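Given below, in the form of structure tokens, are the structures.
Paired with chain B in one complex and with chain C in the other, chain A is shared by the two complexes that follow.
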Partner chain A sequence: MAVITIDGKCLTVPDNKNILQCALDNGIYIPHLCHHKDLNPLGSCRLCIVEVEGREGVTPSCMLEAEDGMVVHTKTPEVERLRILALELLLTGHPEDCSTCPKYGNCELQQLIQYVGPKTGRMKMRTKGFKTQEENPLIIHDMNRCVLCGRCVRACNELRGVKVLQYQKKDMETYVGTVHDRLLKDADCRFCQACVEVCPTGTIRDKLADANKKKEDVVVPCRHACPAHTDIPRYIRYVKEGKYDEAAAVIREKLPIPKSLGYICTHACELECKRKELGEPMSIRNIKRYAAEHDSGSLWKGKGKQLPDTGKKVCVVGGGPCGLSAAYYLRKQGHAVTIKEELPTAGGMMAYGIPAYRLPRDIIAEEVQLIEEQGVRIETGTKVEKPVELLKEYDAVLMAIGGHNGVRLPMEGSSLPGVILNADFLRNASMGKETGMGERIIVLGGGNVAFDCARTAKRLGAKEIHLACLEAREVMTADDEEILQAQEEGIFVHPAQTFERITGEEHVTGVDFMNVESFTFDENRRAIIQKEEGSEHHIDGDTVIFAVGQRPDITPEAGLELGRANSIAVKDMEKDKSTSVEGIFAAGDAIYGTKSVVMAVESGREAASQIDRYLGGDGDISEVLAPVETANSYIGECKGFAYLERKEPLVDAPEERSDNFRLYDHGICEQDICAEAGRCLQCDLRLQISAPSLWGDFTKATGGAEE
Partner chain B sequence: MEFEGAFRYFPKSEATWHIVKSDHGIGPRAASFMNKALYARAQELGVRFLVETPGKKILMEEGKVAGVLATDKDGEEVKISCKAAIICTGGAGANKELIKEETGYIHGVDMFNFAIPGIMGDGLKMAWEAGVDKLPVRIEQAAVLVGTEELAGSVCNVFSQPNLLVNRNGKRFMNEDQMQNTTFMSNALSHQKDRTGFSIVDSSIVKYYMRNGVDNVSLVHPDADVSDFAEGVKTAQENGVGNLIVADTIEELAEKAGINVENLVATVEDYNDYCESVDEEFFKDRRYMRPIEKAPFYCARFCPGGYGTVGGIRINENCEACDKDFEPIPGLYAAGADACNIYEDSYMFLLPGNSMGFAVNTGRIAGMTAAEYVQE
Partner chain C sequence: MRNLSREELLDKIEECGIQEYGLCSGSLRGRIGEAAAKMEKTGGQGAIVCALNNADLDGILLDLLKDEPEKVMNGIDIAALALGAEKKTLHIPEYAQHLADDAVLTEMLGQHQISLEVGIVDVRADAACLLLHLVTAVELAEAFAQDAAAKACYYVSVNGKKLQRVEGSARIAELADIGDAKVLRLGYAYYPAEAAQLTVAEARIENGVIAVLPSGECIVRDAQEQMTASRKQSCGKCVFCREGLLQLQFMQKEIAEGRGKMDYLDLTEEIGSAMTFSGMCTLGQTAPKLALSAVSSFREEYEGHIRKKKCSAGACFSAETYYIDPKLCTGCGDCSDVCPQDCIEGKAKYIHMIDTVDCGRCGKCLEACGDGAVVCTEGKLPKLPNRLTKVGKFRR
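The block that comes next holds the complex of A and B.
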């Protein structure tokens, strides 16, 4: 250790640590620009210069190693004079006006100008004259603003090891760019955006930057879009390294049913993945599935949080993804939990809505069993009519009954024999019961559930299947994948149709349609539909399946206040899931309408936290299962990185899959999984980079900078 | 802090521009010294500054201000109870949609105002939500050379000189000597097709300027030296920046720029005639009548610009925010750009410095009035 003095303040610091970092770490601000905590010092900007007793002239403090007995002065007249000069010279090649710059208010150079106070107007200004490079995805290069601090070059070469950015020369001007000014994707850039993170000015900027959103949410959009905020980049990294146990542990910190989700999650994450700016987004759901399926459980089986018994009892009504998740976490908080499930098995919509060819029943059973092994009691075949009565036996009740009543559209013929509701149809099919379907099916609806109905009908042997919906093809809510696969299986898809009437006297004979010209919603959420004149047409059929939504199976007799679309009313859908009866909470589809399995899981988690607090706990259901380690920032070179194509899963051909309920999507194979995981931009590494040290961070109280 | 004095901006204006004394004579960033001094004094007086904490909503109780809701750096809600709230968030210069809705101009197409990141009109929205009367949001315009940030100072300087200014139709539309009053110029531009005008010079004019300096300078652009104009144009051409047009004939220039060819040729002919006698169209001072004859010819485009938006919140003489019946809303005040409703589209450039003056003084008045109110 060395004892040094900076501006009269005595400090004990490690030998050979650079004086600038010693000062900053001890509350003393020395202006600097090219210096960055995570990068090797360069000493080029000359702003951090100091005087050392016993030495001539000035020395940049970032290159000055601490020695015992060293006495340093950071504010002598000569130092201040030279510092101002250094900044003025730097500014001659920088745009004079801050007010037109997108980095205004966030610029380290701007803050240095405030602190150092260079006198503009003494020197002749010049414009470097570079055209802003906006042709690259994700990253903008505006070399007119570059102050040649070299941070991006060091970050790219030394910190990340990708080695794409170098100093280039154009006539007399030096700038930073790729060899031969190639586009970033052709220079093998990995778009890790470390350059954006370290750039102190508005030179290298994030194309997706949004001042109105939290930085984390913009930088790692996958994690933000996931309703459960699963740490996606972290588990993708583990999968790439072949560490499936670790990957699965990361997922399990947020999701108790990773396998099921790996099969059917609606992957909001993929829709926000930044990789899509280069081509196809990451195949995140399939990576999750692979990790979950190759996980031995070594990091979480029998481990993880289990608080001692609290003596409190909770009843969860409904054993779907919401109820199961809530029950799991409540049990881990130490409460005695019982799930009362109306149907013969737990699983909810996963087991009685989503068909088996998308989500095999044994997978659901496996994950339900894990929840039971944690100590949750599940009573199946039990319907709860009066939830309020449960409060006699339980300290709290959670209504997680989902939305299992299909909506029947009020229209001519809607009650004819041969008209079936989506939820009933799928439930009967799942239980192997008679569905009441004929041979020529017309499904009304354009979402994933409608396609589940159509493709289930196909597998049950229907001869001709039509699916019609109000929405135009581009705005159909079903996944593109579903629509394509359904069409491959021979199902006819008719977008942009209004349902005029269901024809038939004693029984359904078909449906009359008209074509939609335009379809919008007004400010009051009312549909405004413009029909095409003279476009009436008819499709024959003996069965009509309504797939236009579902509502919770509950009436006011249950004793709870109900809200819009027969939902159970709660004080705040996110923050306060308590209902009109104290002690009874509600979550999942039952409060906000049909959304997704992953949203139901997150809703169950939130409910568990709130109920735990209600019962006297701290409401903290978080747990650490995966090893806590910092990701390796040196990601290295990867030729053709931007051109790597998304690996697709192995899917059985239509002829093989359309007549049975066997799983047909086998996920990404072993040979491809590492390559797919390797495509990830690792956007989260950006957040590991140290924040800059600004003069405003050092207050007078710590003996640091003045105003 | 001190002022250097009160100055004119251009000869025909009044000397109302109060320039703050900086440590380097008259030049850019002078007002920052005033801001620094105000900030230091505020801290001395015990004002608490919560930075990175955007305000979201004015909380009202029984029709009076009761507090302000904000979010902190981590996105957590912050509630500040207060009897009075002063809204001074600086307009909505970065909000393209709001600008289009309120003014009809589209930022980046026919309006090039300063758009400081984050200035989205949050204060305006909070006030309107709290029941304040909504007044039109405007941009007090000042003409700007499109592509100014990418061009050398001398290039912009040359094109801002009073030579030949035409519209898309190839016709002159104002006395170019008035170009110094960028408000007048912006106003005139707003009435042209595509809200745009073209400043044209020939090589003789350029040569003259490069040798002798330009005709008109101002305190903001005091340097008459444009000797590096040719270099600046060359760099701009090579890098494809700044929208400059260089051509060997007037016809070529007109075609490249999108100006009516026939009309421009006729205009230039007439203009050159006037150079020998008198400007029969606009009676511009003979000094600035230089003929456009020698190739290559240069052209740059001007459009309306501005500092951001002004106006939107109705206030009275005490800077109290008022509802549509002109009744003050108890405890609510507004100052600065958010409350500056005195302009339509034109900055009163004959009294330069007046929007800063408005800001500083409404701030002061709002503060004084609010202080009285909370002590009641």
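The block that comes next holds the complex of A and C.
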């Protein structure tokens, strides 16, 4: 250790630590630009110069190593004169007008100008005349604003080891760029965006900026898009390293049913994945599936949180993903939890809605068993008619009853024999019961459930299947994958159709349709449909399946206030899930309508936390299962990184899969999984980079001691 | 020497008293010691980086690679052994890139396992590198070959002529014909003619340059050219070198072209003197000395340019103006082919035009024109085309 004095303040610092960092770490601000805490000192901007007693001249403090007895002055007249001159020179190659810069108000250089106060008007100002490079995905380069602090070059080379950005020179003008000014994707950029993060000016910027969102959410959009905020980049990194137990533990910190989700999650994360700007997004769901399938459980089995018993009893009505999740976390908080499930097994829509060819039933059973092993009691075949009565026995009740009533559109012929509802059809099919289906099926609806119906009908032996929906093909709500696979299986898809009437006298004979010319919503969110004149046409069929939504199976007789679309009314969809009856909470599809399994899990987690608080707990259901470690930020070079193609899962051929309920999608194979995980941009590494030290932060910290 | 241990090598270097040549002065023994200490501290691989000073714009001393290549390489080898470093590189400036294609040189470098790099030395690259001047390498090789104390020597070239080895005590006047010249460029600075009485050592001619500016050449223009050459050489990382040189160049140019202000003299002084200690390498520290010495030694000349628009060399603000008579020009292009300033605009069958600002008034176009279209006048210019006009289409 060395004892040094900076501006009269005596500090004990490690030997050889650079003086600038010593000062900053001890609340003494020295202006600096090229210096960044995470990067090696460069000593080019000369703003951090100081005088050392007994030494001639000035020295940049970033290049000055602490020695015992050193006495440093950061504000002598000579230091300030040279600092002003340095900044004055630096600014001759920078645009004078800050107000048009996207970084205005958020710019380190602008703050330095305010602090140092350089002279103006003496020197030759110039515009460098570079063209703003906007052709790259994710990153904008405007070299006219660059002051050559070299942070991006060091971040790219030293911090990341990607070695794409280098100093270049053209016509005596130095700039930062790729060799031969290649586009980033052709220069093997890994799009980690570290350069954006360290740039102190508006030179290197994010293309996808959004001032209204939290920085973390914009930088790592996949994690933000996941309803449960699973730490996606973290588990992808573990999968890349072949550490599947660690990966699964990361997932399990947020999701108690990772395997099931690995098969059927609607993966909102993939829609937001930044990799899609370079081509196709990461195959996040399949990576999750691979991790969950190769997890030995060594990191979480019997290791997670389990608080001592509280003596409180909770009844969860409904054993779907929402109810299971809520029960699991409530149990971990120490409460005695009983799930009452109406159907013969737990799983809810996962078991009675989603067909077995997408989610094998043994997977659900396995995950349900783990939840039971945690101490949750599950009573199947128990329908709860009067939840209020449960309060006699339980301290709290959670209604997680999902939406098991299909919607029948009020249209001509909708009550004819041969008209079936989606929920009933899928439930009967799942239970091996008679579905009432004929041979020529018309499914009305364009979501994933509609496709589940159509493809289930196919597997049950229907001869001809048509699927029609109001939306145009591009805006159909079903996953593209579902639509394409259904078509491969011989299902006819008819987008942009209005359902005029179901025809038939005694029994369904078909449906009359018209083509939709345009389908929009007015300001009151009411649908406005323009039909194409004279486009009436008829499709023959003996069965019509409505797949236009489901509603909770509940009536006012249950004693709870109901809201829109027969949902259970809660005080606040997210923050307060209590119902009109004290002690009774509700969550999942039952409160917000049909969404997704992962939404249900998150809703269940939130409900668990709120119920725990209601029962006197702290509501903190978080747990740490995966090792807490800092990811390696040195990602290195990777040839052709931008061109790496998304690895596709192994899928059985249509003729092999469409006459049975066996799992047909086998996920990404062992040979491909590492490569797929390796495509990740690792956007989260950017959040590891230290924030800049700005003088404003110092004046605040020292209570305005700075003049 | 290969039989000597590292310690013995170091002792011998100490004994010979070899000093590092050029701008990074100091005893070679001491410098090797510093590099070795850094190697140990950082655990880095040491390396010998042999080069000219980054500030050298003329590359005169590169002739040593032609004249004494074996000595240069032996010197590098000895230094590498003394430092205990494996890596050896020889840097040549970008303006001397052609040396990289020299078969003899590259073969010798190969034999000595010395890699060649084009461009200035990156002083930030590795702290454990020992920077070795070409001349130091030669001196080191000689000291070991003759087994004698090193003899400090200077290599100079007068007005770009053949490199010669001289004693430090040699007077400039003995080496160069000064004639009626007013300005000398010696080493890294300008001097008035009286400086011819200085010795080579006193004038610190560490880049080998003895240049006598002919009476027709203007110091302001020469200083501007030197600043431009320095900017070309600069890597552009340090603020003072990158931006300072640009400002210095700009101000010299403005002054030479009659747009100078008196403030420029103070500003040249302010920026130039700050630069001498604000750059990382000798380029940024030394290049401003040319501008500083020009302004301080030839202040009258500068003031004449600024206040009276007067250039004593007659290179700036000439009363003579060259122009091309648009009635006589046939658009043949002979004039623009010979123009050394490349300041005649035109294309085939179009009337050619002389840019009077850039024109050096050399008169070559006048001689080259077969149609007598180029005119030299001290009077007012007639009306001339201001954009490209086809021959015969110009109307007054």
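We adopt the following convention: the second predicted complex is superposed on the first by the 700 of 707 C-alpha atoms of A that agree within 3 Å, B and C clash if a C-alpha of one lies under 4 Å from a C-alpha of the other, contacts with A are read in each partner's own complex, and residues count from 1 in each chain.
Throughout what follows, a contact is a pair of C-beta atoms (placed from the backbone, for glycine too) under 8 Å apart; a residue touches a chain by one contact, two chains touch by 3 or more.
Here the structure is a predicted model, which means the values were calculated and not measured.
Legend: residue contacts after superposition of the two complexes on their common chain; A:44 is shown touching chain C, with no touch to chain B.
Applying the stated contact rule after C-alpha superposition, one finds that A:392 touches neither chain B nor chain C.
In the superposed model, A:167 lies in contact with chain C only, and not with chain B. Contacts of A:85 after superposition: chain C is touched, whereas chain B is not reached.
Of the two partner chains placed by the overlay, chain B and chain C both lie in contact with A:122. When both complexes are overlaid on chain A, the residue A:575 reaches neither chain B nor chain C. Look at A:100: by the touch rule set out above, it reaches chain B but stays clear of chain C. After overlaying the two complexes on the shared chain, residue contacts for A:525 are found with neither chain B nor chain C. In the superposition on chain A, chain A positions 122, 126 are in contact with chain B in one complex as well as with chain C in the other.
Per the touch definition, chain C reaches chain A in the complex via residues 124, 228, 231-232, 234-240, 242-244, 246-247, 250-251, 263, 267, 270-271, 274, 277-278, 280. Interface residues of chain A, counted against chain B in their complex, comprise 95-97, 99-100, 102-106, 113-114, 117, 119-122, 125-127, 129-132, 144, 211-212, 214, 707. The part of chain B that touches chain A in the complex is made up of residues 22-25, 27-29, 32, 36, 39-40, 43, 74-75, 114-118, 120, 148-153, 228, 232, 235-236, 238-241, 307. On the chain A side of its complex with chain C, the touching residues are 42-46, 57-58, 82, 85-86, 89-90, 92-93, 122-124, 126, 147-148, 150, 167, 169, 172-174.
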